[in-house]
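Each structure below is given as structure tokens.
The following pair of complexes shares a single chain, chain A, combined with chain B in the former and chain C in the latter.
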Partner chain A sequence: MLAALAAAAAVSAFALGLSPGQLLPAPGGVELLRAFAARAFTPALAWESDLVPPDAGPLLVSVAAAALRTVLFALGGMSLALALAVPLGLLSSASFWSQRQSGPLAAVALGAARAVIAGLRSVHELLWAVVFLAAFGLTPLSAVVALALPYGGTLAKIFAEMLDEAPRDAGEALRALGAAPSQVLALGIAPRALADMGAYTFYRFECALRSSAVLGFFGFETLGYGLRQAFYNLAYGELWTHLWALVLLVVAIERWSGALRRRFVA
Partner chain B sequence: MSNAPLRDRTAPLGDLARAQVVSELRRQRPKSALLRSSLWFFALATACAWASGFFEVSAAFDGRRIDNLQRFLTQEVVPHHLRGTDFGPLELGTWALELFTDKGWGALLATLCLALSAIALATFGALVAAPFAVRTLAVLDPFLFGERGSSRAGRFARTGLVAVARGLLVAARAVPEYVLAFFLLAMLGPGAWPAVLALALHNAGILGRLGAEVVENLEPGPARGLAQLGASRGQILLWFAYPQALGRVLLYVFYRFETCVREATVLGLLGILSLGYWIQDARSRLYYDEMLFHVALGALLVLGADLVSALVRRAVRRA
Partner chain C sequence: MHELTPGASAGVVLPRRGAVEPRGGAVARLDGVTVSLGGKVVLHGLDLIVRAGEAVALVGPSGAGKTTALRALGAALAPDRGRVWIEGQDVLALGSKERRRARSRVGFVHQQLALVPQLRVHQNVAAGRFGRVGLLSSLRATLFPSRRELIEMHTLTEQVGVAELLFRRTDTLSGGQQQRVAIARALYQEPVLLLADEPVASVDPERARAVVELLLALCRERGLALVVSLHDLDLAREHFDRLVGLRGGHLAFDAPAHNLADDHFARLYELERGDTIP
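Here is the complex of A and B:
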């Protein structure tokens, strides 16, 4: 398997014309790299570029506001995604339908739900954003919906898998006691999958933060917006301030979810 | 249901006794202040986010936006030279085929090649980096007695090494691929390398960390045996850690491959030749018909990669 992967990669590297020689920086690349790396541990604490409009507030306030907007977009996207994922995940899980009679209707509904999920997932959030920008224009809701569609699909797919792979013991016991199918699912099976589902949702929130930051490259005022602006202004100190803010945000969320996961999953 | 008698077994329990059992169970249920406060925090923060009006929900439905949407759906998505004409599936097919042979097919292949090169490079990077991040391996007597007999400085150095390795892996994954590619493009100039390197770095961070966790969670018995026979750290790595962890790591590799294809499509927006390049190109010329065609082509590619990755993962699980 590994050999097949290596062979496929070699063929594609050849097709792309990748050669180690091209790894040498472009003209000016070395100076750029040096200027860029020099500021890694001395991020700017105040505006350094002359191109910043005079009425802009202090740099740190602006970065904090951008970080807050990054979190807000991620929260908005994830909440819509969850609202989408819970019903879709339920409809596309075999354990939901096996609790009921398995007629042709169930098969059709299951297939339809899975097709919708595949469709939502197959378009990247940035491409959804590009499409919505074209269709709606630059409104915050475009970004939220662009995040929510693929994330909702992914969450739904994973939720369905987790429901189907959850231990069956409690559900079987409830069924033996004469519980209704909906009770077996809600009280027997779902609770066994809940911890995993929560942990995964938290992980996707971390991904949503990154995506929300990148949406800044398309004009939404998240951390990516200031990052790109600083790069174009050649203000590498400011750039690192934004980059560190993003890394700290992501690492903090990761630590948080790690602490929760250690307590409940494992 | 034929198991009605089973239900009757609960009958002898009186209401009072039952209430006691229930309250006892309720008292014993797992409780966590962290979980509770986290849930409250996220619920409140989400409610505040929507209530604050930051998303401008009502503005999204005002007349101008609706006009935008209507124009987009009724005019702009219709292929340009067919607008206003009475066209059928034949004309539409010719348009799609022409676009596909002109731009789509080449970009499709390039996207796939980017993803394949990147995932192979990422796997290699993870294989090299992961051992340094394994806590059980980076001790004086791996898998045996831990730190017995080692000097304080040596212990400190090794703990530091693991911390640095983990920190690098986390940093590699905390920066989005798109941002990495944006910087690399400026430094390396146009070509495929910025995209390949950006994808490889980010995914090596993820795979390296997951791989280190897989090795830490392995049943340590065989490694102890090897260590007692006097195997060196490298030998343990080669004969125990790699072969035992390979199956699980391959699952992760193919799961990340799917993500790589998605991301490779998007990196084209930066000017790297993949499907995203033509999406950006069409967007900047306001050819939304072409843009949607390439987005749909990307979706098909991802669906294909999704399918391949699922099939391979199933095969790996069986093996």
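Here is the complex of A and C:
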């Protein structure tokens, strides 16, 4: 196992032409890294660059607005992703179909659902964003749909796995006392996976926040937008202001999900 | 049925599927039921009749097929051969809706209890009625139980001794308390027959006696038939009029307790060559 990993590493290093020397930054790069690192704990509280248009509001207001939009894009993407993931996850779970008559139709539907999920997942949200930018232009909907498709696919896949791994004894007992397949699934099996599904959804929401920020590089006005501007303007203080805002967002979401979990699971 | 039946009767001529049950008075009945699980025959043409209001103990060594026989009685599995009757209906010939209804007439207290640990006690009890209603009604009863339903469930849980736990999360209960919740769920079905699989497997001897006595009392006052699988022979002989012995998927005996000598039990439990000890 370890030998195989080492061999794979060696092959890819050779194929990509990697060498340890490349770990040393170029001469100008050292300067840049030092300037960047120097501002880590002294982020800008007001605009520092001369290139910012004079009519721009205060930096902190602009960052807060970008942070809010980052959350809104992530929320929109996640809501749509959940709307996709619940039916897709059901259709691609063995427990859903095993409750019903298994026939050729069931096998086809299961296969189709799994293929759709694989398709959604295999394209990264940034690539979807490129596609939708070309198709719909720079509208918020492009960003939300770009987030929703791969996230929906991933959530669906994990939801299906969680459903299929949930203990079956209670569901079997419900079936034995006369419950219909839908009742067995909804009230005997799903409750056993629900806490895990919720926790996973929150984790994906965190990921969605980061993706939503990065979508700013394409021109959507999330944290990534200001971050890119600051970088081009060599305004590292401003850059760190945006980065810290993102860190705060992620920590806040983590806190919130932890509190919810303690309230509902414990 | 009040004489010794040596082994299972083979070669019974069965009526056409969906026919009227041959003999009345039974709440549930197995007719030449053969079941195989994982490619192995677990029940060999088992015949068993459970009459209204009677209490039967199902005894036999591990792997004899007691759980499988109980599941067959509750129409919870599809036999390879044979017929399962519940309240005079040939269950396997019924459509899915009627079959659900037939199943809902048989309460089952599983060995592993099979409650949903994440739900509240009242939500697990409410599941007893799922055989009679659709998805939406069962969701409603789970999430928004009516006052009337709660009162009814409170009365039931009071009778099994866990009323004060009605709103607790089920996984915060002890094993013994969860067992009582499982009994309450089965009674909430308003069944004609209660099946209990090893209800004393995980409690100490004193509690074991109490659980068996509770089951007997609950069924007697409701006029329910009761079939309990038991490892403890003394408990079975002491409390039940009728004992059914299973061995290797065959009926070893089916007789009143006072007709059975120690010899019958010794033979039931002795290890055969080639028997595996689980």
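Details
The rule is short, and it goes like this: the second predicted complex is superposed on the first by the 257 of 266 C-alpha atoms of A that agree within 3 Å, B and C clash if a C-alpha of one lies under 4 Å from a C-alpha of the other, contacts with A are read in each partner's own complex, and residues count from 1 in each chain.
Following the convention adopted for this analysis, contacts are C-beta pairs under 8 Å (C-beta built on N, C-alpha and C of every residue); 3 or more make two chains touch, one makes a residue touch a chain.
Because the structure is a prediction, the values reported are computed rather than measured.
In the model built by aligning both structures on chain A, chain B clashes with chain C. Shared-chain residue A:Pro191: touches chain C; no touch with chain B. Contacts of A:Ala176 after superposition on the shared chain: both chain B and chain C are touched.
Once chain A of one complex is fitted onto chain A of the other, the partner contacts of A:Ala213 are limited to chain B, with no touch recorded for chain C. If you count the residues of chain A touched by chain B and by chain C, you find the higher number for B. Contacts of A:Ala118 after superposition: chain B is touched, whereas chain C is not reached. When the shared chain is aligned, chain B comes close enough to touch A:Gln22, but chain C does not.
In the superposition on chain A, the residues of chain A contacting both chain B and chain C are 176-178. Chain A meets chain C in the complex at residues 169-170, 172-180, 182-183, 186-188, 191-192, 194-195.
Across the interface of their complex, chain B is touched by residues 1-2, 5-6, 8-13, 15-18, 22-23, 25-27, 29, 32-33, 36, 69, 71-72, 75-76, 78-79, 118-119, 121-124, 126-127, 130-131, 134-137, 139-142, 144, 176-178, 210-211, 213-214, 217, 224, 227-228, 231, 243, 246-247, 250-251, 254, 256, 259-260, 263-264 of chain A.
Those residues of chain B whose C-beta lies close enough to touch chain A in the complex are 1, 3-4, 6-7, 10, 32, 34-35, 38, 42, 45-46, 49-50, 52, 54-57, 59-60, 64-65, 68-69, 72-73, 76, 109-110, 112-114, 116-117, 119-121, 123, 170-171, 174-176, 178-179, 182-183, 186-189, 191-193, 196, 246, 250, 253, 262-263, 265-266, 269, 276, 279, 283, 288, 291-292, 295, 298-300, 302-303, 306, 312, 316.
Interface residues of chain C facing chain A in the complex, by the touch rule stated above, are 71, 74-76, 96, 99-104, 106-108, 110, 112, 114-119, 127-128, 130-132, 134-135, 138-139, 142, 185-186, 189.
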